[in-house]
Amino acid sequence: MSYLALERLTKAYGGVLAVEALDLTVARGEFISLLGPSGCGKTTTLQMIAGFVEPTSGRAMLNGTDLFGVQPNKRGLGVVFQSYALFPHVTVAENVAFGLEMRGVPRAEREQRVKQTLDLVGLSGLADRYPRRMSGGQQQRVALARALVIQPAILLLDEPLSNLDAKLREEMQTELRAIQRSVGTTTILVTHDQGEAMALSDRIVIMNKGRVEQIARPDEAYARPASAFVANFLGKTNTLPAKVVNEGGRHVVDIAGFRLPAPGRSPAGPVTVTVRPERISFVDDSALGVRGRVQSRVFQGTHWLFHIETELGALIVLRQNDGAAVPLEGQDVCLAWGENDLLIEASRGV
Amino acid sequence: MTVNPKLTPLLLSGPALLVFIGLVISPLVMTALLSFYDWGQYKGIVAEFTIKNWHEVIADGYYYEIFGRTLRIALFVTLITVLIGVPEAYILNRMTPRWRGVFLLVVIGPLLISVVARTLGWALLFGSTGLISQALLALGIAREPVDLMFTETGVVIALTHVLVPFMVLAVMAALQRLNPDVENAAMSLGASAFTVWRRVVLPQIVPGILSGSVIVFALAASAFATPAIIGGRRLKVAATLAYDEFLNTLNWPLGAAIAMILLVALVAIIVGSNRLIERRYAQVFE
Amino acid sequence: MRRNGPLALVFHAIFVAFILAPIVVVCAVAFTPEGYLSLPTKGFSLRWFKAILDYPEFLRAFRDSLWLAALSSTIAIGLAVPAALAIARYRFIGREAITALFLSPLMIPHVVLGIAFLRFFSQIGLSGSFLGLVLSHIIVVLPFALRLVLASSYGIDQRIEHAAISLGASSFVTFRRVTLPLIMPGVVSGWVLAFINSFDEVTMTVFIASPSTTTLPVRLFLYIQDNIDPLVSSISASLILMTAVVMIVLDRLFGLDRLFLGSAKS
């Protein structure tokens, strides 16, 4: 049974639809990410759930009660903001205690729960500090503690890690996931960072221009993106125009003359083919592959990233840095991929 | 929310709004009406519509002279505050923060001191036996005692002193928005200090100078205490004229007409020049 | 940043001398032992400061000025805080017009305001009353209070209030526990600036004060119109001294440049 259900949730500003008929069900304890580029409606969705933005239409049922019938300050949701939005004029402990005070929790219990929560987020010794005097990562933890201490029905995270530098962000991702697992709070994360969404979530909701493109497990969405948009958004990919033809009872995909058997259930006609850069390999025999020349080669530590000018257009290729020799810039190469590496989608609007 | 969110701003600003409608709009409207009332030496104020007060103020050469003097004084004060206030603001802005703090206190601080006390100082300096006269005699610049009391020059000097802090503030605000790297960039391209100032700094602070000028002009044209003390009854300006009509001659309708002309002229000048500044410089700034 | 050249420093010295000259002269004259004005003064005496005590009307005017300034600036800030929040937070029809109306006393010459209040109060039977003074001063000081509160209201992140609401705070609790502390610097400095402007106001007040209910600057102004003697110097010097103390305290608390440049900006 679903814990939170969003039903045809819609928000229009003037005539512009920021969120269009969004349907989503979330199970208790689940970690869901709303992922998409800026302006895709993910933050608006979060703010409607939190009550800071009035929905134009639609419902949000939390555990059987209509969330929009409850005032924002009575919804009992924990929110962590991108800017952390800590109260700058009071200490860390007072920040965390605020929600408990609002609930009339007696002082002794309050102090104990504040301490427990600060321990949980790893801020034990810093209860009497003021937020201004803390690093971004520490402020982030205070914001998390402040939201968690009220044992929220849902934890709403609005780009909570985007103000942190790359290394710290990765650490916090691991920690955030661990904390969420141990507390078991149902969590909705808004982010534009696909890596973050994939690292943290049970399921990802990929949004574009106010609409849901796909709701799926991270590995699922990556392996079987519902659209070229999803494929592009979840990591690098190569997108090529092609057509699927019927050749003697077999479907064949024809990419500018380069032919491969098409995977089953491929639609006939013009299609868009996507192939992940890590699925393309260098081969020796030019008869089997697509010929091209290395335009540039960028070293990325664990990987090499190649830009290759080919007969089919510019392609990017990722090669694992496994110590083996890799082609040089300007070198002629031959590329190949298998039929299972292709994703074929009927072309839209061509 | 218990109240309609659309009503919230109205509820919040409502009390102040009521006070302003009751205490700004209605007195001004009543004064405007008063300026069209009749008045006689013996009959006093009579609620009969007449334009004679306006006609008198606009047509009579005596009022012309006073409004002309008011305008002249205000223009001179504005010009002098620009000439001395702008360089001073620039100098202050280039000081180290510590010295800037000290001298801001000296330059801006007098704004907090009562105008009466500040003007009194000038009255003490101006008389024929005052320090200025003594100094000019001692230096041989003047042959006989110089009395600046009850002169336009005296009023201009004292008003400049009272109002120059506003110019310094306006220009400093503009200077602080400047990117110091731009000056350095100009210098790295080979510009001399003066050229940097004229070609790079000045054009960017013109809006600040203009808005400072509008403030100074408006305050100088409507100044009361300083011209009343330094100029006395002999050298009337618009504000002291209105005062006399109200509290000495007791011709309130005429005083009201003078006040209305002053108000309309100043509001027109302020709003007009602000529009002009905004339109002229809108593309350069934000 | 480059330093000021010698020419700039000479200009600066002359400018500072110009600013300080009348203020120094007032103070110097106040310490004269003579019974008349004389400069340069020979000797040093506090007799004219002691003489202030023999003029109870000045002392009463001083007390009334303090009360007037305290009352009008407190009421003005009480009106300005909610108004500033409405203006800073909400987009509503008439927002610009309301803002312009609240700031209009800065644009209306104080002589005109004085005349308008004189007419208004004489019509509604408040002429010469302390209440009339308070009401009129609320109007002239409110723009100062409003501008500083507005500046601090624009500066706060609204998500901090959202955070409080999400944690269960009602609108009122959010205001009291979060919003008000955040705009407090603006509220305090707005009140102080309003107080000073009320205390110093003379042009408008001279129209509506009565001999029995008047302020110190007005009494001083009327006195100076008739005669200038060491007494007005000693009173003015006392005012200057008090202002200097307030100024230094303000500078320590907020920084004068922030108080004025903050208000000069918008």
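Order as written gives the chain letters A, B and C; numbering starts at 1 within each chain.
Keep in mind that, in the parts below, contacts are C-beta pairs under 8 Å (C-beta built on N, C-alpha and C of every residue); 3 or more make two chains touch, one makes a residue touch a chain.
Everything numeric in this text was worked out from a predicted model, so none of it was measured.
*Asks:* For the protein chains shown, what form does their contact graph take: line, ring, star, complete or other?
*Replies:* line
*Asks:* Any idea which chain sits dead centre by C-alpha averages?
*Replies:* C
*Asks:* Centroid of chain A to centroid of chain B, CA atoms only: how many Å?
*Replies:* The computed centroid separation for chain A versus chain B comes out at 59 Å.
*Asks:* Quick check: how many Å separate the C-alpha centres of chain B and chain C?
*Replies:* The answer is 17 Å.
*Asks:* Round to the nearest whole Å and give the separation of the Cα centres of chain A and chain C.
*Replies:* Result: the chain centres lie 55 Å from each other.
*Asks:* What positions in chain B touch 2 or more of the other chains?
*Replies:* Counting only residues that touch two or more other chains, chain B contributes 1.
*Asks:* Which stretch or stretches of chain B touch chain C in the complex?
*Replies:* 1, 6, 8-13, 15-17, 19-20, 23-28, 30-31, 34, 84, 87-88, 91-92, 94-95, 100-101, 103-125, 129-131, 134, 158, 161, 164, 169-170, 172-173, 176, 180, 193, 218, 221-225, 228-229, 238-239, 242-243, 246-247, 252, 255-256, 259-260, 262-263, 266-267, 270
*Asks:* Mind listing the chain A positions that touch chain C in their complex?
*Replies:* 50-52, 72-79, 81-83, 85-90, 98-99, 102-103, 143, 146-147, 150, 156
*Asks:* Applying the document's contact rule, which stretches of chain C touch chain A when the two form their complex?
*Replies:* For this pair, the touching residues of chain C are 157, 159-160, 162-170, 173-174, 177-178, 181-182.
*Asks:* Contact residues on chain C for chain B in the complex?
*Replies:* Touch list, chain C to chain B: 1-5, 8-9, 11-12, 15-16, 18-26, 29, 37, 39-40, 79-80, 82-83, 85-87, 89-90, 92, 95, 98, 101-102, 104-105, 107-113, 115-120, 123, 135-136, 138-139, 142, 171, 196, 199-200, 202-203, 206-207, 216-217, 220-221, 224-225, 228, 232-233, 236-237, 239-240, 243-244, 246-248, 251, 255-257, 260-261, 264-265.
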